[in-house]
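One chain, subunit A, appears in both complexes that follow, with subunit B as partner in the first and subunit C in the second.
So, the complex of A and B:
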């Protein structure tokens, strides 16, 4: 992998790794068990620029490229995937659409606080009746003078419990089908903006994933991104970028599982030798390492294409599919290497196993990704 | 050996508003990532952890008094990654001393190369080192280099108490004492961490580092050194053997009820001098 990195990327990696291993790793088990969002860490991440990685420097961001972005998400996710999720969603599907589709006024209003981590962003697309089929959303935003009256019931909002700025998918023209979907930026504190209970999830437990309900919420018309009817286009663009982030999150989980598997295999003695001497374990380690490397290469390629301003949609989808399935498989093997201890919360692999599972579901399920990839190939 | 007039303490000049301010040189080392004994595969070099406090102190001082921090490192081309890492902490200039002839230098030959480079960079006010390196823990290079430059060296400095006119007052910790020294410049010191929060390099600083800053490279001829003075030929120390060493572990079980066991444990540790 190193062969593909510039000096700068390597320094990004070593500095983020130092931070993640010292500040996040030691608390990763506790925040998972207590379902605690570690503000003390998030604040530091904001100061270091991890919450505005690709935002331009004029707007308070670090102004870095997509390769730096995935390096950072991988390293943070390796220490605690739920924090990697926070950073990935905040950077890619919350901040990015505002940057890419917002006007100068919206940039000034939202970007600096998000980029510095003073405010946390969220992405609100999924509803009870609209998951994989995003065009089925029922949330509405009806124009009323210089405002929209917004009603929405959004579920599974990552960062939902702490988010100040929500990129919200709504119908501005309920009669127009998919072309009637738009994106409006909703801010916490607006009357009618209600955050629901935290979801009791299997993994990603340190992330306050919540539902968010807007009831007759009056949102200024100037918060609408781009134009009415652009919603699906914005959503797809955001998810293309988001997928690279989720893919690198999956690589981070897989890397953690691989390293823990190697360590345990060398330490655990059965039949008078370290289990790493048994061929079945060696086969697992070889498969794990090979799969992690190939997933990572695909993620790098997608990010590199993005930096070169070339089409990367298919490559991002392939990388996300590959990396998320790899994370699940590798975490599963890491549990297997740990035997009964792997099924206990005393070791990290049990958490990787739970955390890895969701990467095959959110920001597009594996099935949806196969559809996207096949369409790209067959069209 | 430097002549006194070659070296001027620029703090003084700066106070009268004449010169460019403090000139600090920090010697840093690139170490292979991982623990001691990790393979030197010519890649994955990272900044020696123990050099960070020296860079931090240099940056603090130049923020306060104005001036320039110059990094110097001897190592292969791949050591640049450590220099970049160090530059992302703020220093404005960096020199890599790189030459195949420098290979396999021991601490003495390394100090030769470093002191030659520092002479070339003179005049300067302060010369900083880390206290040790995480890959080969000798702690020799700082004192040896200072000796070759005929300037004073103070080890384990944790605080710069005062810096004025032609004097620097520093504090060092040793054997449970705090010692205060005054030296006339230029002087060298090994800087230790003063226990403040460990700083991580943010993305903003990394981005700044790569904004047009570049690393200068000097080889043996730039430094006026002869091949016999450096590398293996110039190294009086030869490593004869290198074997892993396992320290003996003693294990004693403390039994009994919890309060009593805790008391026994505390006493045992205290008697062994491990806790106060």
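So, the complex of A and C:
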């Protein structure tokens, strides 16, 4: 893979890998078991620029490209997918829509703190009755002078428990259907902004995924991104970028599972030889390595297209579909190689198996991605 | 203040090294800055940051790929670099020291020189001493603590038995850094972008006018034999001693 990378990207990879291995790997099991959000690591990531990867330098960001972004997310996710998730969501679906659709005032107000990691961002779209069908959201924002009165019940908010700045999807015109959806930036601390209990999830347990409820929350009208009715457009653009992040997160999980599988296959002796000498295990290793490599190539291609300012929506959807399904399969095979031990929390593969599963669901399910891809091909 | 840091471009210790022919290895592995040299880089960069003045220059004897390693240390805050190119995979520490000395002297001379106490590939531990000898400067290696006092520096060096020696050395001097001196920083992302624009002055070792091309030649490389597993002997002391003697006599044939 490194053949395709520029020198800058190689230095990014080796420095992020060193960071992830030294600072994150040692705590990855503990933060999963204790469901602990590791602030000490997040603060360091903020100082290194990992939380404002693509934000411009003049707004406190690192000013890097999309390829650097996916390298960073992959390396962090390899060490702990839940932290990779925090960084991916923060950088892409929280920070990116503010950058892409916000005005100068909104940039100055929100971007520097997010880009330096002083504040954490979240993306609030999903509701109890609106998931894949984003146009079904019920949250409302009613204009009242220079404010909106917002009522919303958002669920499964990644980073929800720690987020200060939420990109919130609301309905500003109840009669206008999909065209009545808008995006407003809601800040924690606003009266009526209530963070719910942490979801007790199967994987990504170090990420404080929560519900967020806004009750008659008075949000300044100047926090509305772009114009009323632009919500779905902003959402789709954010998710295109988000998909690349989640895809690279999935590649990171798959890479971790592959390496652990190889290591264990060489160590574990059965029938007097390391199991790596058995053909059935070799076949698994070969399939795992091939699938990881193809997923990674697809993610790189989508990121490269984005950097070249070419359309990348279809490629991002393909990469996310491929990488998330690869992560699930490869993690499953890694558990299989480990046998009974793989089902135990004593080894990391059990965590990869749980973490991988959600990548096929969030930021667009595999089914929605197939729909996006088919539309791109058939239309 | 001008601080030079000698940096070696070495294979990553996690890399799987394959020996090719008698005295070479396959270079298609990941290379990194010698980890001990990174302690030197960190110390030099933080000293300049603390004093808010001065310049840190990295010097490397290596192949053209070593430019990547120099960019990596420049991302850590080194201001510019000098690369002395050689195709030799294992230039001896004698010729390396001569080349480093000439490059540093020609560049303007040092107030301080940092480097790792050893490299993780050759592990010769010779270069700091040879460089100091070439330059006529005092030297200390195994440095785990450092403070700068202008005309002198105070260092702690690790010696046998876990003890530490405290020394005051006149500057300029050569210091070989050891683990524990500091925690090398991870480069910030914008620093990686800035490093791309920093200067790497390249020269060829062969063109440096060094008459003596080195007395050390690597004759052959062999992979380390895998050690057999440790065996724990059980039983009473008398039984353990008896079986140990038997192993040494009959299995290992050392007595």
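List of remarks:
As a working rule, the second predicted complex is superposed on the first by the 379 of 379 C-alpha atoms of A that agree within 3 Å, B and C clash if a C-alpha of one lies under 4 Å from a C-alpha of the other, contacts with A are read in each partner's own complex, and residues count from 1 in each chain.
Keep in mind that, in the parts below, contacts are C-beta pairs under 8 Å (C-beta built on N, C-alpha and C of every residue); 3 or more make two chains touch, one makes a residue touch a chain.
Just so it is clear, the model here is predicted, and its values are computed rather than measured.
Annotation for the three-chain superposition on subunit A: subunit B and subunit C clash. Of the two partner chains placed around the shared chain by superposition, subunit B and subunit C are both touched by A:14. Of the two partner chains, neither subunit B nor subunit C is touched by A:98. Residue contacts after overlaying the shared chain place A:335 against neither subunit B nor subunit C. In the superposition on chain A, A:57 makes contact with both subunit B and subunit C.
Annotation: subunit A residues 7-8, 10-12, 14-15, 18-19, 47-50, 53, 57, 62-64, 68 touch subunit B in one complex and subunit C in the other.
The touching residues of subunit B, counted against subunit A in their complex, run 33, 43-44, 46, 80-81, 84-85, 88, 198, 200-204, 206-207, 209-210.
Considering their complex, residues 30, 32, 68, 71-72, 75, 186-190, 192-193, 195-196 of subunit C touch subunit A. On subunit A, the positions that touch subunit B within their shared complex are 2, 7-8, 10-12, 14-15, 18-19, 22, 44, 47-50, 53, 57, 62-64, 68, 72. Those residues of subunit A that touch subunit C in the complex are listed here as 7-8, 10-12, 14-16, 18-19, 47-50, 53, 57, 62-64, 68.
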